[in-house]
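Shown next, in structure tokens, is the structure this report addresses.
For clarity, chains are labelled A, B, C, D and E in written order, and residue numbers in each chain start from 1.
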Amino acid sequence: MQLFEYLGLDKEDSQNSRMWPLIFNYEHANTTAYNPSIIYVDLYVTAITNVNEKAQTLTTQVKMITGWSNLNVTWKPERFCNITTFAAPKDMFWIPDITIVESIKTEFGTKESPNVLLFSDGYMVSFEILSLTTTCKMDLHRFPFDNQTCNITLQSSVYPVEEIDIQAFKNADWITIKSKDNNLVQGEWDLLNIKEHNSTTRDLSESHEMDQLIYQINIKRKPNLYVINIIVPVFFFLVLDVISFFIDTSGADKLSFKVTLLLSISVMMLILKDMLPSTNTYLPLIGVYCCAIFCLMGISILETIFVNYLMAKRAQKRTVETTATVSERDDGLRGQQNPPDSVRDQNEEQSGTLDRCGATQQTQREKTSLCWTREPRIIDWTFLVLYVITVIVFLSVLGKVWIGQ
Amino acid sequence: MQLFEYLGLDKEDSQNSRMWPLIFNYEHANTTAYNPSIIYVDLYVTAITNVNEKAQTLTTQVKMITGWSNLNVTWKPERFCNITTFAAPKDMFWIPDITIVESIKTEFGTKESPNVLLFSDGYMVSFEILSLTTTCKMDLHRFPFDNQTCNITLQSSVYPVEEIDIQAFKNADWITIKSKDNNLVQGEWDLLNIKEHNSTTRDLSESHEMDQLIYQINIKRKPNLYVINIIVPVFFFLVLDVISFFIDTSGADKLSFKVTLLLSISVMMLILKDMLPSTNTYLPLIGVYCCAIFCLMGISILETIFVNYLMAKRAQKRTVETTATVSERDDGLRGQQNPPDSVRDQNEEQSGTLDRCGATQQTQREKTSLCWTREPRIIDWTFLVLYVITVIVFLSVLGKVWIGQ
Amino acid sequence: MQLFEYLGLDKEDSQNSRMWPLIFNYEHANTTAYNPSIIYVDLYVTAITNVNEKAQTLTTQVKMITGWSNLNVTWKPERFCNITTFAAPKDMFWIPDITIVESIKTEFGTKESPNVLLFSDGYMVSFEILSLTTTCKMDLHRFPFDNQTCNITLQSSVYPVEEIDIQAFKNADWITIKSKDNNLVQGEWDLLNIKEHNSTTRDLSESHEMDQLIYQINIKRKPNLYVINIIVPVFFFLVLDVISFFIDTSGADKLSFKVTLLLSISVMMLILKDMLPSTNTYLPLIGVYCCAIFCLMGISILETIFVNYLMAKRAQKRTVETTATVSERDDGLRGQQNPPDSVRDQNEEQSGTLDRCGATQQTQREKTSLCWTREPRIIDWTFLVLYVITVIVFLSVLGKVWIGQ
Amino acid sequence: MQLFEYLGLDKEDSQNSRMWPLIFNYEHANTTAYNPSIIYVDLYVTAITNVNEKAQTLTTQVKMITGWSNLNVTWKPERFCNITTFAAPKDMFWIPDITIVESIKTEFGTKESPNVLLFSDGYMVSFEILSLTTTCKMDLHRFPFDNQTCNITLQSSVYPVEEIDIQAFKNADWITIKSKDNNLVQGEWDLLNIKEHNSTTRDLSESHEMDQLIYQINIKRKPNLYVINIIVPVFFFLVLDVISFFIDTSGADKLSFKVTLLLSISVMMLILKDMLPSTNTYLPLIGVYCCAIFCLMGISILETIFVNYLMAKRAQKRTVETTATVSERDDGLRGQQNPPDSVRDQNEEQSGTLDRCGATQQTQREKTSLCWTREPRIIDWTFLVLYVITVIVFLSVLGKVWIGQ
Amino acid sequence: MQLFEYLGLDKEDSQNSRMWPLIFNYEHANTTAYNPSIIYVDLYVTAITNVNEKAQTLTTQVKMITGWSNLNVTWKPERFCNITTFAAPKDMFWIPDITIVESIKTEFGTKESPNVLLFSDGYMVSFEILSLTTTCKMDLHRFPFDNQTCNITLQSSVYPVEEIDIQAFKNADWITIKSKDNNLVQGEWDLLNIKEHNSTTRDLSESHEMDQLIYQINIKRKPNLYVINIIVPVFFFLVLDVISFFIDTSGADKLSFKVTLLLSISVMMLILKDMLPSTNTYLPLIGVYCCAIFCLMGISILETIFVNYLMAKRAQKRTVETTATVSERDDGLRGQQNPPDSVRDQNEEQSGTLDRCGATQQTQREKTSLCWTREPRIIDWTFLVLYVITVIVFLSVLGKVWIGQ
């Protein structure tokens, strides 16, 4: 083909074009004042395959289109069968060394294309599908209702700002729309939008600046499964714990019921540990949520044990008194065939504490009608009210910070 | 060998054939009107090794056969000992740069073959075994009864539609049959069929179109193990929960029985979280199934506690009244040696609530035969009926959407 | 060294030997009829590092020795200090492009050797240690008592059967013995034997056949740990469930005991889900085993609840009757100081159901000695017998299929 | 460009500059005494992505800037349009072979830059983003309140100290500040500071020394999530265990309550096993913490069983005596209509042990008022006091070592 | 530099030195008798990063120093500024192709050094940091008190014993000391020592032998965390199980207590399954330990149920008899106002089985003082003694094999 020969691609020593990085630029400005070569970059996010909260990394598949002009390589289409574009091996031309600053792993998603596309007006385009793993500082405070903003910073590795100027080809809205249109695979994340802005940095040495193009990817977690699997069950356990106040105090049930709930919360918390990193400043609210509920339940168990103990103590004292009474009466009534009263006492004691008040009132008709079990119950009810208030206040404050923010 | 020399493969400067991508095409159409070179591709799926629902990726082993014609390389078999095919190093010829758009990892399954096969009529064939990881938008709504459709889109990275036209070599039925015949390793998926269709895209820049060949792989999950391990146990737990209404209400058993069931459901739900990504629009039905059953059980526990509380309350009131009655009678009957009645009362109270009605009827023969425990039992039964109806309606609707769709 | 020069390895244009794939063959048969070049392959399995049942892949370390003759490279040892073998860089010779069809990952276990070994009679030997991951269709029906047969198919990527003929160097028995001798690292698998046979395939295009050498690796799982950790505990739980029939029915123990057993089985089943893929035709027997035992236990819980309910119901009815009787007698005996009978009744009721029959017999001496609790107990015993028979039949059938096959 | 030609980069045989490693050095000191070439290195930690305690590895993303002077490559900026810096392909110059001694995996985080930056005064700068996995000897004694110090040792692989001298470009404070400023992604670690110091080693052979630059990275774990998820729950379980002494001893509750707590601690300990490696000298304090609490709870369960057993034993004896007493009295009082006493006894025995002392005092008014249940209760209380003291001493010592160190 | 030129490294055709593998050897022995070239190797283990028991692989970081003499490359230091060592690119010289036979993955830990070090006396040294994954036949019989011996076999891939002789440079003690000194990162393993010995193998073909240098790495597991997390808890559960014999048999507690212990052992066993491979000949003792304790507990549960059943049965019979007796007496004593006895009976039955003997003795004063509950208790005690003996014998035998071996 003549075009091939015209462009000089058949020569072995075509290394010129490979080695002069800025030749196209210098060429047309062979004076002391020269302009930076402009590299146009377009970066489409085509899949978000993984977000690792523990390692704080984001794995995406991106489509990156890089374009730049090389005034050495131009031709008149009408001279060559109206060919306006031409694919040529990559290694015959200078390729801008755009690197991604945050990347900890950059792999070609598919086989690397060996070609670049030349346009007749000296414009070159290279096309890559990359599988990127970038670091991303995540704020997990509001997990799982969190939005994350991850940057992908494109920067030349050595060329200063005077020599290379990285520009976005399409504007951010277009990229957002295209990324979303493009049958985006999102998994548990929603791509909100992609923003782009330019910046400079003084990286290599302090003497010269480098141009940066920063893509800001805003993603939003889809919280549904987390809500269903963690928040709702934990909340349910809390409700059950509150309701368990109405279980008969003296039953063996209540305590084992509450301990079981406590344990299930602690299992939930271990799952959190697997998902989230340990951070200092803003503890994830879901951790606060689980831990607070865990502690509330623990306290309510302590209270239950305390009330039970109090009741048992007083029941014991009362028994002493009652039996004393009975003994007295026994002494007095012996021979009067009136044992049933004391029998009743003992039996009633067995049949739970709820009916104890009534029983004592009846038994000690002639004595001060001091109800021994009243005090623990008052403690119980007071605690319940305080507990419910605490829970409501805690949940409403938390809910406000968590979702309503 | 003469053939080798005839084809000019012994020359160092045989770079011609390597560098001219479209030479064979342009050559025979050295006019302004030229036809695109046709690349025939066959893609057989030989193994489905992994489907990652969380990352939404599909890992397959595929056999890809790429054929194209290069009119520069032809010979007459009769002149060369009837040799019709000839293996030559890959790097001596232009190879089409077919990339897979969805791929996030393309690796050679085995060692890359260094050769292509030449046919005497200028047809070239390259053969590759690839280990592909592609993104695949999955709809997990009906998991584990779901079918998934994953695309593998073949596309040249730079050549526009005027220069390269990608065609399927064999038709889709053949490929499906061959893939299935080929001792396909499927693991937990059934390959339903493979479809293929052509398309064009405007990828690189808006100025020119590129040809695409899209393979659509339809796979169907084998749901058996999931049914046995998740759906059946959860269903069993629900049945046990319903049946637990018949457990004696006053026993400590009932509540701990129900809480244990609740906890096991919550464990099941955490397993779901590990398997499925959190999605927004269509929550996986299995999540709905587990969460709904979790909530139903939670509500039934609340009801149990409420009924127990009601019973205890009334039992307490009744005790007061009864003892009052007894006291009255005591007063009246004192001296008549009739204590056993009240003994019986107390004892009966211990012996559960079921026989309480009978007991009270007997005890309070002369009073209104108001059965105090009747109301809670009515609540209990009403709730049971509502509960069973809800469960049946829920399960039938869910089952319809889930499987019958 | 003269040998080096004699062989022409010092010349830059020694590309001849590299590029002519079949030169040695054609050379000695420069007529229209030529024989295929024979490639001798030996493949020793030196370690089985992983068998992934979910992905259906096998990871092995293999030692592969490939030998072929190249009549261009021969020398007379007596002329060169009796040197009979000579190591030369690989890239100076044509190397057969043997690929492994099932492979999804072929890596050099150690650094790739840059050399091949030449023998003075024109025989070349190449030696590789590979870390292979191959797909392997596994039948997990009898897991963990299963044998698996994995193929490793060696095939040239482009050369047809007329040009390359792959033969095993050593016979299968030798390879099996050597593989086992070679300090084989087996982990949880036993290498039974390695078989080898030749085959042809029509892979690339339908026009020509390709030679294949198929190694069939038979491995046997060592089931001990699975038996100890899954089968024995599940069996023990079943035994405990059967034995739990002898627990006093009225105790709160029985039900919670059974539910705990049920839950532990469900935990075991979730572990299965992690290990095994979901397959359709033959569900793994271990899944059937666990699921069946789970269901049996579930049914036995339902039965327990049902029997308990029946007893409670009847006990309630009986109480009504008994108390009626007692009341009658009360009426009759009032004034006869005979209250203890009814006291005894109530107390006996408390003291469990086992002694109820005796109690009623005594209480209702003058009435029909209908034992109210007999019917539930009959149900209980009938169920137990049926249950044990079902279990025995199920286990014996399963055991026969599982191990005895 | 003239500069390019001036520097001789257009010549194919520019291998000189590539091959002479020390040419710039030797050149200006072509005498017997020569100075080592100084390599300036700057290493910024930009992300800590993983710290694996089990494998004792640290994964970081680092930015490494390497600078050295090559007096062969200098130019006068004023002669070349005031160009002071120039990017040239890496493979045209000698690059120092700095290796990282601790590294077990060194990967380019992003695409490797093909260029180095030349300064007009003969200074060359190379810029790399590396994804490093280095071994790091960790002291997990105080986990999760631990600081770790990981070294990154830069060293030439072959050049001795006389030829290469590795120096830090910027001082350690600057690097620490810059690393922290640089939007450091830290996950669960806080970068405290980075120190640097020089050292020499006698690595390769004993005959010559090699220069080393050691970066010491001090990181501090953020312990919050571990505190919330492991330490707090375990502590809570301990508190509950202590409080459970106040649960009525005779109830079935107490034991199952304690066993449940014990089991949850054992679950926590298994989680530890997953996180931490098994080390000999200093067992992680968190392991000591959990194990000690596990043992304390176990002992408290043993004590509970022992006390219960003692009570039951004595209760049995007492029953014998009491009934003997009663029988005696029965004999004496028969005909005196005084049965209620014994009835009361039996009933009281049922109603727990707490009121037993009172009961016996009353029952055995005329006998020695030896309280049979007193001794177990004394044991119980003594144990409780000892237990609480042990717990407090243990926790305060542990806390001191753990945090206050 | 003159040295560079002297050594002829500036010539493009310096391929001589690269291609002649044995030139230095043949050169000085250009007769029919020649000596093998000696390759000195030093291998220091610098980190043990992973030991995978399931895959039976060992991952280490090793420092490997390879030295050999090349008499072609010598110079007189006094002629070249007293330079005694010189770094030259690796690809200009022949490098011995030492491979590691057991390796399944050999990676450069850090960037591969492009240079070798030349000494003026013709000695060449190459230095590598490798990240090795090697197979290692592990004997897990005594896990976690096990020592493992892993081999790293160095061998040339093609050169026979006549041409290459691999020798250890330093002796084994030195290497052990150096490896330990070298700030060895060991994780949960202690490096005991490294041994080295030479061997030959007949690998490639049977015609010639190859030299091997085998490093034997002896490592010892640090068992502390395993002891704390698995052995101690399981032992504690066993102790609790034994102690649970002293729990009041009739209580609901005992059975649920034991089942809970059983379940926790089964959870421990599942953890074992994750850690250890299933092996045939020597089952890991820790598996035997857990399984035996699991079975012992299971049997003790069966015994408990059996004894309970027996007691219930006899209690039932006794009730019949007693009530018969009572009835008789009732008949006889009716009118004698002696009901309390039977009341006492019933009540005593409720109050546990321990005091039953005493009770019956008293009740049946005039009858044979046959204690009905004695037999179950004898069974219970006999079982306990047998159980404890079994446990002690089992543990002492196991302990002897396990640790004392």
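One rule holds in what follows: contacts are C-beta pairs under 8 Å (C-beta built on N, C-alpha and C of every residue); 3 or more make two chains touch, one makes a residue touch a chain.
Note that the coordinates shown come from a computational prediction; the quantities given were computed from them, not determined experimentally.
Visitor: With over half of the numbers shared counting as same, classify the subunit A/subunit D interface as same or different.
Guide: Mostly different residues form this interface, as fewer than half of the numbers used are common to both chains.
Visitor: Whole-Å distance, subunit B centre to subunit D centre, using C-alpha means?
Guide: That gives a centre separation of 37 Å.
Visitor: Could you work out how far the Cα centre of subunit B sits from that of subunit C, in whole Å?
Guide: Here subunit B and subunit C have centroids separated by 23 Å.
Visitor: Would you pick out the residues of subunit A that each touch at least 2 other chains?
Guide: 252, 256, 260, 267, 337, 339-340, 343, 347, 350
Visitor: What's the ring order, kicking off at subunit D and moving to subunit E?
Guide: D, E, C, B, A
Visitor: Within the complex, which stretch of subunit B touches subunit A?
Guide: Contact set of subunit B toward subunit A: 15-16, 19-23, 26, 31-32, 34, 54-57, 97, 99-101, 103-106, 135-137, 157-160, 163, 203-205, 207-208, 252, 255-256, 259-260, 263, 266-267, 269-270, 272-273, 276-280, 283, 287, 291, 294-295, 298, 301-302, 305-306, 308-309, 312-313, 315-316, 319-320, 323-324, 326-327, 330, 334-335, 337, 339, 342-343, 346-347, 349-350.
Visitor: Within their complex, state which residues of subunit B touch subunit C.
Guide: Interface residues on the subunit B side: 1, 4, 9-10, 46-47, 49-50, 59, 61, 63, 65, 67, 81-82, 84-85, 87, 89, 107-111, 113-117, 125, 127, 129, 131, 144, 183, 185-188, 190, 221-226, 228-230, 232-233, 236, 239-240, 243-244, 246-248, 251-253, 256-257, 260-261, 264, 267-268, 271, 337-340, 343-344, 347-348, 350-352, 354-355, 357-359, 361-362, 365.
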